[in-house]
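Structure, as structure tokens:
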Amino acid sequence: MTALAALIRRDIRIALRIGGGALIGVLFFLTVVVLMPFAVGPDLALLTRLGPAILWLGALLASLLTLDRLFTADHEDGSLDLIVMSRTPLELACAAKALAHWLAAGLPLVIATPVLGLLLNLDATATGAVALTLLAGTPALTFIGMIGAALAVTMSRGGLLLAVLVLPLSIPVLIFGVAASQAAIVGPLPFGAPFSILCALSLVSFVIGPFAAATSLRNGLD
Amino acid sequence: MDLGPYTSFIATSYLAAALVVVLLIAWIAIDYRTQKARLRALEESGIVRRSGRAATDIQ
Amino acid sequence: MSLIDLANPTRFLALTARLLPWLALVTVVLLAAGLYLSALAPDDYQQGATVKIMFIHVPNAWLSMFVWGVMSLASLGTLVWRHPLADVAAKAAAPIGASFTFLALLTGSLWGRPMWGTYWEWDARLTSVLILFLMYLGLMALWRAVEDPTRAARAAAVLTLVGAINLPIIKFSVDWWNTLHQPASVMRMGGPALDKSFLIPLLVMAIGFSFLFVTLHVAAMRNEILRRRVRSLQMMQARAYTGSAPASGATGPIVGAA
Amino acid sequence: MQLAPRLFGHDVRCVRGGREVFAGLAFEAVAGEALAVTGHNGAGKTSLLRLIAGLLLPAGGTIAIEGSEAELTVPEQAHYLGHRDALKPALSVRENLAFWADFLGGGTTRPIPDCLAAVGIAHAIDLPAGYLSAGQRRRLSLARLLAVPRLLWLLDEPTAALDVAGQAMFAGLMREHLAGGGLIVAATHGPLGIDTRELRIGA
Amino acid sequence: MTALAALIRRDIRIALRIGGGALIGVLFFLTVVVLMPFAVGPDLALLTRLGPAILWLGALLASLLTLDRLFTADHEDGSLDLIVMSRTPLELACAAKALAHWLAAGLPLVIATPVLGLLLNLDATATGAVALTLLAGTPALTFIGMIGAALAVTMSRGGLLLAVLVLPLSIPVLIFGVAASQAAIVGPLPFGAPFSILCALSLVSFVIGPFAAATSLRNGLD
Amino acid sequence: MQLAPRLFGHDVRCVRGGREVFAGLAFEAVAGEALAVTGHNGAGKTSLLRLIAGLLLPAGGTIAIEGSEAELTVPEQAHYLGHRDALKPALSVRENLAFWADFLGGGTTRPIPDCLAAVGIAHAIDLPAGYLSAGQRRRLSLARLLAVPRLLWLLDEPTAALDVAGQAMFAGLMREHLAGGGLIVAATHGPLGIDTRELRIGA
């Protein structure tokens, strides 16, 4: 436990220090949201309709922007060697790293959603629904993305094809996340159905992610 | 003074401006004290500036 | 005392220690007068009493742009003359400018609600102020992201100057964007020349806020100089304690770059 | 009575990037002994250390420790000190070391300032690691070996970047480790400053 | 000239061999496009209207994804030191690196546009117009983003902060890119006006980008 | 008749991260001479090399070369060989070296295979650089010095990771460079194998 807690603490600390502070995640989403009207036009009704998709895209981008260095940074400075050698199971260490990443890059979005909802003219229910789906779904993005991050360590040796498979894997998460939010906002479908699929996707990724990542890390070292 | 139906908007504007200015002043004042205290602590531990003057000497 | 002497941080501290109380006094007097005059100002025939928001809103809106200009000048000083006081001036201005921008946005939305029935509209001018606000926040984050103050200053200077070139472009393109989608906007800012009864309080408030900026900026610069002094003394201290080290750390004179 | 721990390799073969680096290698070291691995550039010294550390899979042969805690694998009983120093420039010296102590040690650790003092960088404890010179970074890596006790030290050119005083300090640390029943396997091009048994790879 | 050509060749070769960059960019682009129908619902007309906006947003965000390692990778392995010391003016070297990056990561987006246009139900003219604006505009995105990438060397990592710094600066490009495409599709304004402003923005960024990047690189080393 | 080129520094002061590393440093070296920079870990050897290379700005003092091509700055006449080796693992040995030869040299270069043979890694010419051992990487970096002729070599612990034969080979290369009227400034903790003038920093 100490070992995992130490790992999580270190990763969060680095993320905050390098990223320039805890608020940077919120600022990032604010920027992404502000960008939207310039593309689709200052039409509030349309923006509201696109709101959940915009927030979900922001989440995907935030995790992609920071995920690709999740393991390569540790690989390049030699930390990964020590993590692999340690007495902590590698699967758990991978899960801890992903958790730290989500806390630093995913959670700020969930927390910032209400503020952004105002700019996108979302009402309270809609904001709540989007925040809930993000809370349930962004961990899945992180845990799936982690597989790609682990493959990136092996990448120079031909793992490219596999990495390409990872991003498409996160598309279902996005689709059900947006669908659940839309259901809560405009109906007519019930919110429950897509939301439970989203939760199921998250759960699956919690199991598969760490194992797949650990396996590819073990094979990727040299 | 009658400010009509939008009194709350006007009051909020003025209060918000006052609040932000007060926060700025408080931040600057607290920051000043913190730095002074640190300089004093450093001086007590025997560190001297290159110019040879005391750390807290800002005249 | 020549300008060169002023540009020496120690001299700056000495001079401003004497100057600061007077600056604060002038600020307080001007703002008090401004508040008094704006309380006396008549209601607008169209906007009613809400026109009083203008006396806060407009000075802050002006200052939000003015402060970026001040930072740009300081940034030139950083990059061209590599002067530490320029670094300090640029860094100290950012949070103050961001606060003014925030106030312009906030009072603007509070004015917008009674005037156009909505707090927020993707209007050209509002949007460009929002972007300015984002750029302030980004700049502050950049300052915090780099530990070494001289290196942070140069990075921030590049961003400030690029921002200064880009802000007019952004402003222009946002105007264009908005007129494209929403011709004949609801609101009329900067309409016909203001009546004297509004103009005088507005000007007094604007000058008052400008003095407020100068006062706060000078005080924040002093803090920043002290912070740097603390940092370099701490560095000296770290170097001084050689501990039980067999051959590391410094010998020789212990001096800092203060 | 338990036997002293003994590290041995038997008929070890190493293949990297499809090319055989060495084959049929045998070695052993008992507690209190240091093994110096030597050989020309590209002979496979680093590869051997990484095989022992479990970071490479041997193409054949076995590597094991007998006479120590049976339920632990070889890597779990080892410290590995490679060319890359596993330091994060953004974290302070203390934070870097504290992390590895917590992560590797789980409680059984020596106080951080002690370890730093022992390697001679106590004065830099609150400096970001990115500010350290090459030799100071190396010293900080060495502090990791002290912070968490491990039976086996795997060292890849450990004296690189150390000044003369640093090399002497490090020789002292190695001697202490061996005296406490430890084991050392070190790849090196120069003298280590302690008595070693030599293992020469490649012609 | 040999020097710059060598630099461009090297960077493209690395990008293609390691893969990461270009492919992840195109995939992200695809993800954005695939997601939109779920966000706006099955309204083909609306989707078509939003088409250019979606493509431009995708391109803008995708270029961010790949930019943050532009200089940090060279910084970490020491190449940047040698590039700064060389007899080639640093401004030119920066421009060459940006050009290589655009060829490897920006051009694929332009090439992918016709395929994605199909998904968004754009007709041939519209697709052509979007592709043309992307061709004229994405270099500007790269050259503006380069400034952020150079700042990332001082900041010691890019990630979200880089996006926060770069996105506001690229808003004009987005505005005129979308406007020109819209003009070509629905009118009533002529295509030429916004398009020539877009080109002008690109030209401006060709000048500002390398200078700002070179300045911040020179000052950022240590 | 032109004077032999001479590198000199005068009253050089170095500040890093707000901390003074050294001050009032003076040094000089004339063509055909090697200057060995020594000092304890953290004394500022690397910092001095980076100042000469123009990668750090001096907080005071001047560094210049006189008697050489006047229109070139010091960095433009120098090779810098640091701890980081400026190699891309994805490119082959040949591609890596060819890139630096083209980028730095602009035509006036020695053939790649020759340079690789001179540093003893001709057999690895088509291997990806990521497959090289530490010493082989260092040799590849050394090949850069041969591929493009430059007056001044700035070397930071150049013999680290080289085996005994490699150090001898490298001493030979340095001797040749000096004989051809070159200049060398090298930071080192051990002997370089050539005659040097010593510059000691920090007490």
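Just so it is clear, A, B, C, D, E and F label the chains in written order, and each chain counts residues from 1 on its own.
In this section, a residue touches a chain if its C-beta (ideal position, glycine included) is under 8 Å from a C-beta of that chain, and two chains touch if they have at least 3 such contacts.
Which protein is which chain? UniProt says A, E = Heme exporter protein B; B = Heme exporter protein D; C = Heme exporter protein C; D, F = Heme ABC exporter ATP-binding protein CcmA.
Model, not experiment: these values are computed from the prediction.
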item: Angle (degrees, nearest 5) of the CA superposition of subunit D onto subunit F; value: 180
item: Chain whose mean Cα position lies farthest from subunit E (Heme exporter protein B); value: D
item: Pair of chains joined by more contacts [C-beta pairs], E-F or C-F; value: E-F
item: Most distant chain from subunit A (Heme exporter protein B), judged by the mean position of its C-alpha atoms; value: F
item: Geometric centre distance via CA averages, subunit E (Heme exporter protein B)-subunit C (Heme exporter protein C), whole Å; value: 31
item: Distance from the mean Cα position of subunit B (Heme exporter protein D) to that of subunit A (Heme exporter protein B), given in whole angstrom; value: 39
item: Distance between the centres, which are taken as Cα means, of subunit F and subunit A (Heme exporter protein B), whole angstrom; value: 45
item: Between subunit C (Heme exporter protein C) and subunit D, centroid-to-centroid distance (C-alpha), Å; value: 53
item: Sequence positions of subunit A (Heme exporter protein B) contacting 2 or more other chains; value: 18-20, 24, 27, 31, 34, 38, 41, 76, 156
item: Per-residue overlap in subunit D, given as positions that touch at least 2 other chains; value: 16, 83, 90, 135-136, 139, 163-166
item: Residues of subunit B (Heme exporter protein D) engaged with two or more neighbouring chains; value: none
item: Residues of subunit D that touch subunit E (Heme exporter protein B) when the two form their complex; value: 89-90, 130
item: Subunit F contact footprint on subunit E (Heme exporter protein B) (complex, rising order); value: 2-3, 5-7, 9-10, 13-14, 17-18, 76-79, 81-88, 221-222
item: Of all residues in subunit A (Heme exporter protein B), those that touch subunit E (Heme exporter protein B) in their complex; value: 18-20, 24-25, 27-28, 31-32, 34-36, 38-41, 49-50, 52-54, 56-57, 60-62, 64-66, 68-69, 76, 105, 152, 155-156, 160, 163-164, 167-168, 170-171, 174-175, 178-179, 182
item: Subunit A (Heme exporter protein B) partner contacts - residues on subunit C (Heme exporter protein C) that touch it in the complex; value: 119-123, 127, 130-131, 134, 137-138, 141-142, 144-145, 177-178, 181-182
item: Contact set on subunit C (Heme exporter protein C) toward subunit F in their complex; value: 147-150, 228, 231-232, 235-236, 238-239, 247-252, 255-257
